[in-house]
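After this come two complexes, each holding chain A, first together with chain B and then together with chain C.
Take a look at the complex of A and B:
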């Protein structure tokens, strides 16, 4: 009899907590069977401000998702964002000197251990190790197992986060009586979903502009080679509008969704836009030009920061597949034009792959959770190929709490 | 992490004739005024300090007693001076890049002396500073600014050059001639007057030098200085004061107030992360109470209780005397471009009113000031015309951590920082 397991993907985002429940079968197929979400008010810029409120929101979302699925979640995959995340490259080298210079699993393991053994600052913890590739005697290769050589090098991009913050997130899930199976950083979750294999091979940058943070991941040769978080997101546009037009956050948020554009156009000068939109008492009108100027300034700055962070990686030669934008802010009109103007590479909005059939799930707000599921499925599938089962999140957790 | 930092690129093999070990310091004068200042410093023997002069004028260099003289821009000016053209000065420096770079090989600390307003100082100065920074040295520039009387073009030129220097150097210490010469006795000869200006530069260099070299009770070493000045681009705060006799602490602090090099940043508050080095040198009779008194007064004056680094050194021949030197960089000072000045009282937390930038760079107003006014600046005048507290512009993000990116708080609306005018109706 074939087994199935029920997994839950949880994204504790600055705007809302989104939970998807999926049934994964032994053969590697997956059905999304439940969904739950709740509005999150306890977070700013991807960091938890009020843990109790975030915890309640998350529990409510998980409960809803389980209810709609009619099943209980067995394992949780959690996404992570925030400006405490950072990453660095480190590679491990080992000499091959047994079995007539044929690379064995033990050799690979030794190189991998070397790459992962860099000591971190106290209070920091590894969140994810992303393998960039192997190099056997200086030659790039996909799978060195069984090949001949004398020196094996493995390069990793390590993502590191703040231990305290990580503990908080895990304790929220544990508070519902669930274990966290694995943590995937948000940028990689949405990136792995939105970029096709072909794009990842050529080189592509996936930029997820969410409510509180902008997460990005750079792919090259099918691997994620660089990730980062900029603590600026849609909330900043809202706040800028509220301060600039002297109105409430809530009204500014509505105005942003209704009218804001990423670039200033010719017609903006004459047009007026009303604050609430239904001509009720207390409604007022603003020049559209002002709204767009504020939005433009913020987004332009964001792309400039992004450009500076990536440096020469961000060029037409290094990034043939260009940039994929996702996240709530990516729905802003004219944002792709603005990004193209500043980054000087082709820019497109991300689209979920065809296997996401449910129309509602194709929106950018689900890219991260869908990516989590996609990763979870991939992981479950990949394990036997890698030989020894890799130490999962549970092991890492023991490291943290032990 | 991957950033190599401003102090990389030192090649240990390229020390040349400079003795190994210890700190290598070079004082480099650029242009006429700079060379003159170096000449005068030459008379005082400082250990481990090397002197060099760079100019476009072969005449000034020929008469200079300095060991390393570099004539630049021979092909541009034919060995004559630039005649006040900053463009020529820049071209001259560009043409001699390699030779200038050689000057800085293996040097840890460079004092760059350049009189701004002329051709060589304003044109070549920033280029020389850039090369020095790139060679891995910590660069501290002392720049006399021209008299107001010398005319607007000169002043403009000095302003442009100053901005360029502030971008590259780790610290730029300005010395407005107008302020200096107000302190000079009216009956002094021209020679005496200029000697007085050079005296201040000498004093500045000397006080930093002695801070680094005199073995102290609490030592301020080169690394401390590096840390305090690690990022180029900030506004530099520097001042030194001397006192002797009965109430020497009081006298030293008053003298510090009068120091024409002391140039307070436009926003009166310093941030916790800005480091301010305070060095006290006194005789063997220096008491802890005196040290306390000085530190209290300084932390109150500069409003930065958390960020003081203190050094104290004893000089055997300094009985009954005291010198107080303060130095630091104010990094996050909102420039007039980023924050439009708004009267503080009109700022309601949720309603900032950005006005287009009005006041010109701060240096201009300093030039009209008497030393007394310079002393008062951080008092009364600052309060009337202070900059909005950045905290009040954060709105929704008030309670969250500051969102710093290269010294800028990203939570403050971009349009406010850029000074974009927003029409509401």
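Take a look at the complex of A and C:
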């Protein structure tokens, strides 16, 4: 009997919570059937300040999404960001002892187990283990099974997060009567959507500049080999504008969205920009040059941090496919030019693949949740849904009466 | 705390989901409330539908039972009298074929015997007044006890036991009347061709029940079952006992001598218990001549 599963992708971002609901079928097709969004006021720079407020915003977004879908979510895929996330590479090595030195599944399992066995600091947990590749007797290989060799090595990039913060996120989802099926870090979610297979094979860096944080993921040989989070985002530009222009945050945010550019141009010197935009009483004007200088300075700093973090990985040789920018800040005019100037690699804005037909969903703010669904599609296709994820008496009742 | 899989570092999957400390915000609470209300409404609708179905079935049954039996036109005018509950329609439906005949062809004796073949009819008087009038005067048995008997199809059927020990199938008694009768247990009924052999000596039980009904109606009203397992009227070796189970007292044991005296003693015991608020008796044994055994809860 064919099965379908209703999955929900939830991104609890600094400025808003976005939820998409999709129906995944056995044959591996996915229909996006619902969308919900709500403004998040309980977070700052990717960290939860007021859990109740975040919880209410998240639940409202899920409820709206379920309402628009007309179905109830069975499984939740949650994206994770924040400066508590960090990663490291670790390899597992094992000797091949079998007759004829042929690599067996047990050898691979042993090597993988060794790679994942590194102890963490108390209060830290692994979120994802991203396999970089195998080396058989020092030689790179995609699949060592059945090949001859004496030593097998497998390299992983491990993403680690703070257990307490993860617990908070999970408990928010649990509070709605749902269970978290998988956690995917935001950069990998958006990266898996925006970068093509060919770009991933050649080498590409996907940078998601959100409101509170900037997530990035580096792909090479079709695999994510490095990820990270920089605790700088659009909020910092807003803050700088508010401080520099001596105005309120809310007005500075509007000004940023309306007029700010990532680079200073010749015409900026003469141009003036109004704070509110309608020249009503209380509105004031500022030179566009000041706005753009502030924006430029912060974005320049962000790209320099990114460059320093990636070091030699960020070069034309290592990234033939260049850099893909996404996230709300990526819409800032001239940002690709600025990034190209600093990073010295080709930079482009991310575009959703053709299968995302709904025009509204093609915006950068949906890249992470769409990426979550993309990941979930592969996950669900691999592991057929056997039972429903709702737990507890309330969940069971909902299964019956919902 | 995160669990650790064998050989692997701690993973987020080790975090216990749905722990009691989950964050249930206002929105989730509202949603739960809405859902519970909806569920309640749904349950009420389902219950209403079920009640409707059950009610409809009950009324359909009632209608079927109360529906007048279609009896072909007869030229015989029947005058039916009874001292009990049987109705003229009952007579017409049971003796339909007789009434199709010419009145001159009806054998009055045969009709009387046929009528008396019904256990509920104790005696019948049949009279013909030519050209077309038939007088039927029936005296009915008064039911004393009701008894459930396994039927031919394996199900249970209700029969009544009259004062003379006749066991007969009920006809036309209102359900309330039947419910008010005590049931009987521990009685061995012997089948004959199309009925049961009358229960010998049942007059003794009738005397007890009638005395209780007359002297202590408030207590008798709650008698539910008369257990005749130890009732051995013919045995000279065993004491013959009548056990009565009532709603409030689990067992009242009577001997077979001096029922008025035993009922008086029962009344006196109950009055004392009530006045002194001693407790709830579960057993009152009145089978000893001068004393009674009382066991309290």
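Note that the second predicted complex is superposed on the first by the 379 of 402 C-alpha atoms of A that agree within 3 Å, B and C clash if a C-alpha of one lies under 4 Å from a C-alpha of the other, contacts with A are read in each partner's own complex, and residues count from 1 in each chain.
By our rule, contacts are C-beta pairs under 8 Å (C-beta built on N, C-alpha and C of every residue); 3 or more make two chains touch, one makes a residue touch a chain.
Not measured: the values here are computed from a predicted model.
Partners chain B and chain C fit side by side in the overlay (superposition on chain A).
In the superposition on chain A, contact of A:140 is made with neither chain B nor chain C.
By the touch criterion defined above, A:106 reaches neither chain B nor chain C. Of the two partner chains placed around the shared chain by superposition, neither chain B nor chain C is touched by A:95.
When the shared chain is aligned, chain B comes close enough to touch A:290, but chain C does not. After overlaying the two complexes on the shared chain, residue contacts for A:239 are found with chain B alone; chain C is out of touch.
Once the two complexes are overlaid on the shared chain, A:56 sits against chain C while remaining clear of chain B.
Centred on chain A, the angle reaching out to chain B and chain C in the chain A superposition, using CA centres, is 130 degrees in steps of 10. With both structures placed on the common chain, the touch criterion links A:174 to chain C but leaves chain B unconnected. In the superposed model, A:304 makes contact with neither chain B nor chain C. Of the two partner chains placed by superposition, only chain C is touched by A:125; chain B is not. If you count the residues of chain A touched by chain B and by chain C, you find the higher number for C. Between chain B and chain C, the minimal CA-CA distance in the chain A superposition rounds to 18 Å. The part of chain B that touches chain A in the complex is made up of residues 1-2, 350-352, 393-397, 399-401, 403, 405, 410-411, 413-416, 418, 420, 422-425. Every residue of chain C that touches chain A in the complex is listed here, in rising order: 2, 7-12, 14-15, 17-19, 21-28, 31-32, 35, 38-39, 42. Only residues 44-45, 47, 49, 83, 88, 230-232, 235-236, 238-240, 242-246, 249, 285-287, 289-290, 293-294, 297-298, 300-301, 305 of chain A touch chain B when the two sit together in their complex.
Of all the residues in chain A, the ones that touch chain C in their complex are 51-52, 55-56, 59-60, 63, 113-114, 116-120, 124-127, 158, 161, 163, 166-168, 170-172, 174-177, 179-180, 183, 391-392, 394, 397-398, 401-402.
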